[in-house]
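Single-structure report; data block below.
The first chain written gets the first letter, and so on, giving A, B, C and D; residue counts start at 1 in each chain.
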């Protein structure tokens, strides 16, 4: 009986919406975008897709933010997409303004919604949204990096991807940390399983560089992140209680920050598995928190 | 144990490949495109998506047609996409050359493959491919129009899409026929169920116009057709024996044509349900066959 | 939005209900049985199962036939199960009385329902139910035999089961016909694919004998038939338009009979693919119809 | 690529095997039982079911424990089922002997397998198996009680089951603890959400009594536990990293015990969420550990 509102139907937004609706896990969807006719024509495409898949999800397509009501989950992908020559901070200013606008309008009509931010830079955008809305907000965080981590190891070691486990966290993007003590292949620690075949550096380089490489050729990432985001929505909608490396809010000094940690995702968000991380992994996480705090203070000092 | 080769990884190709792999129905995929790095970087995205979905499909990404081998199904989407100001025949000449090229190269290394053409104009492209390859070939035909037909009726009558049944056929696109005597809502014939709410003309207009409307806003159709094409692939791969309005080859006069009829799709293609159509629907189908024959003769007279 | 009423929650009934609900394809279920507390305690078990599967289907458990209302599909499995030493006709008399009773009570409160009979002997029970209810009725017919046919061929030839196609039909049980011209392995006709490895007689013996062998060891068949029946329900509920060898009503002489033929199963039942059968297969079918007519006349001559 | 060996194909074993295979999540299954012909005839039924579901899982049916080889997961359900008039301890002695026998034979040929014990009393049987095999072993623990807990609350409060969260733990069966501070309905704590509608005592009574009530009418529980067990297997096979209240081994005094706690289940088992439990819930858990230790010592003092 889950109703999900999708704010933004651009390249990544469309892919998330399509993928989520095709999963069959949600009953009602609201598709909002400011571009006239875009939600309506995209709805046509979705209706044709759902007809083929025999799925009965109801869709409301709208250009009016006032029609975004009574959602269980509000996922915000609206914003300026990251370009090949941009770092995440370049897009901060443009998108923070968009978040603040939505933070003022969306909560009133969606009193019970969980807010999920996937607009980049995802963690800072979630913190901005939460600050200006006073509503519980998460970001998709490093969940897509988890999948990049696991799929690369699987590919290089020649094993099925579902025997590779492990979590990345900290900052989504360039400042990412890999929690190496969580990484196993068939329960064997990475260093032992990968010995002579694959190094930590090769994995780190792939996980940090692959987005830029994809953007250079395809013009943007979409299929990978969108599927991670679909699976976050489905985990909430079906109360899967699955561990994902999303960014849930934490208090740090005088701010509420979003920093990715392995976290239980279900109808409730949390607890995180921070207490189960190794000392070394926890050190990485704590360093990321401090670094992100400083960056966030710097980025937001002129926000009003 | 199904291995599917996807020839072309453009907008529609990517969407088909993503959707098909996410279904979990195939074991091995080959992604071919002539653009350097495109299949490889798209494979990265797919790997990240499959990791999230816990699906172990193996992917070979290649720019070399010689690596496209031993597929059970070869789906060809390569070609020039239809633009807003084009009709289907405008793209015939460009794409026919591409089909002929593939017809000469692909069959040798894929001796047991079923060939599925989704490059537009789909029906003529399938006929061209079959003529130059001497291999059994189908096109996705009017299957996406079936879904447009059903979803529009469901939306307008306020019923779940899976209680709407019915088939379109003949020519994919402007010359489409709706087989009205097959159209029912909860087993009630269309005219009775829709009385006072929706006319045949409104439905026909929607089914014929919606693609152009979507193209005008989104730059192309992708989600709707891609899902129909995914479901054709899955029906073959899992031997679903499902009725779909695809275009399987028929002999007509001196040509092998591809004209859409409700057809059983499984590990085998056919039989069609032509013999069960009403007299009126059969008349529409036969008229379409004749019209398509003449068009095809006209279009192909300069092909060599 | 499909509501399914299950009449009977014995061994086979429970397995069908469990399997169908776990598919997630239906929204509401009614579980009826005459045994006090049985539907209620079975509902407890189902609720625990659905909680694990994260499926929200609502269940009404009842001993009162008056509470069986407004179903889209009514599946009747109530009756005396076949014992190891019984043939199908032995159970005819007991179960016909049960069918007649339900035929008088169920239609009034379920005015739009499709009736599916799986009580043995299934085909005759469907004809009896239809005669006394004047409602459109099908039986599961030879669909389970199709699956026995295909799985045995796959096992013996060492191929995946989904590359084996083919249909059995006529009479469910001892008088079964295999429509050999429909049987293919990877599109290769049976006789060619099986040459030197497997004979028609071996297949026929397996398909006809396996139920008795299973009954002798397990006390009854359940998992195989229940899954076939689940898939019939799902095909109707999701309008799959899938070919299955169910028994839909045909007029023959002065009776309405149920004889299995490959038939399109969706929101609508039919058409059958009888017109596409080979001459030889059609001969088998027609012989079965005549034989079943005579048996049915004999069996029913004392029914009132 | 997961291969699962199922040891025992009785009532509960069959239901687990059927349900797991129908999920499509495993590639190879071994079905072992000591009863002659039972695995073989049950395999026939499974093959028919998988054919209908279009699933290609390979099955080895055997009466020889030596053929149980190279499994990724070994699930043991063999043993004497609990009768209506038995408590869990009554069946300890019979089943402990069976566990010891398997502990001596199964590990050698299954060097990488995760062992899952579902034979009752599940927790003690897992401890016995682990002691005599020196292999990592879990039991299904209180996972089925989680589902009983959630489904009863959902039913009584009239909400979908997937908005109810919460964990039971400690001892499977009579000594069960409900970790009330984990129980929420749409993120609202139980006491607040249930106020005036449902009490903790009603829930506790249901969760502790329902098995006996089901056994009294149906002769045994099967559908509920089997689905929980299927989902444990699937969580491992697909590396879902899902929180389940299974019993993983803990060291306590001089023994390795199995006591249920919310635990991450994936390709790896753990960590548990013990550190995130409230003080009150942790107190319940610790009391259960101590009680189970004493019981286990008492029960095993004569084992050799």
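Just so it is clear, a contact is a pair of C-beta atoms (placed from the backbone, for glycine too) under 8 Å apart; a residue touches a chain by one contact, two chains touch by 3 or more.
Please read all numbers here as calculations on a predicted model, not as lab measurements.
Although chain C and chain D share one sequence, what matters here is the overlap of their interface residues, and that overlap exceeds half of the numbers used. Using mean Cα coordinates as chain centres, the one most removed from chain D is B.
Each chain gets a centre from the mean of its Cα atoms; for chain C and chain D, those two points are 33 Å apart.
Chain A and chain C have centres, each the mean of its CA atoms, that are 46 Å apart. For chain C, the set of residues touching two or more other chains reads 1, 54, 56, 160, 162, 164, 238-240. Those residues of chain A lying in contact with chain D across their complex are 1, 112, 160, 162-165, 184, 186-187, 237-244, 264, 266-268, 271, 273, 275-276. Touching chain A in their complex are the following residues of chain C: 1, 24, 54, 56, 238-240.
Listed in rising order, the residues of chain D touching chain C in the complex are 14, 18-19, 22, 37-38, 40-42, 44-56, 143-144, 146-148, 150-152, 154-155, 160-162, 164, 210, 213-214, 216-218, 221-228, 230-231.
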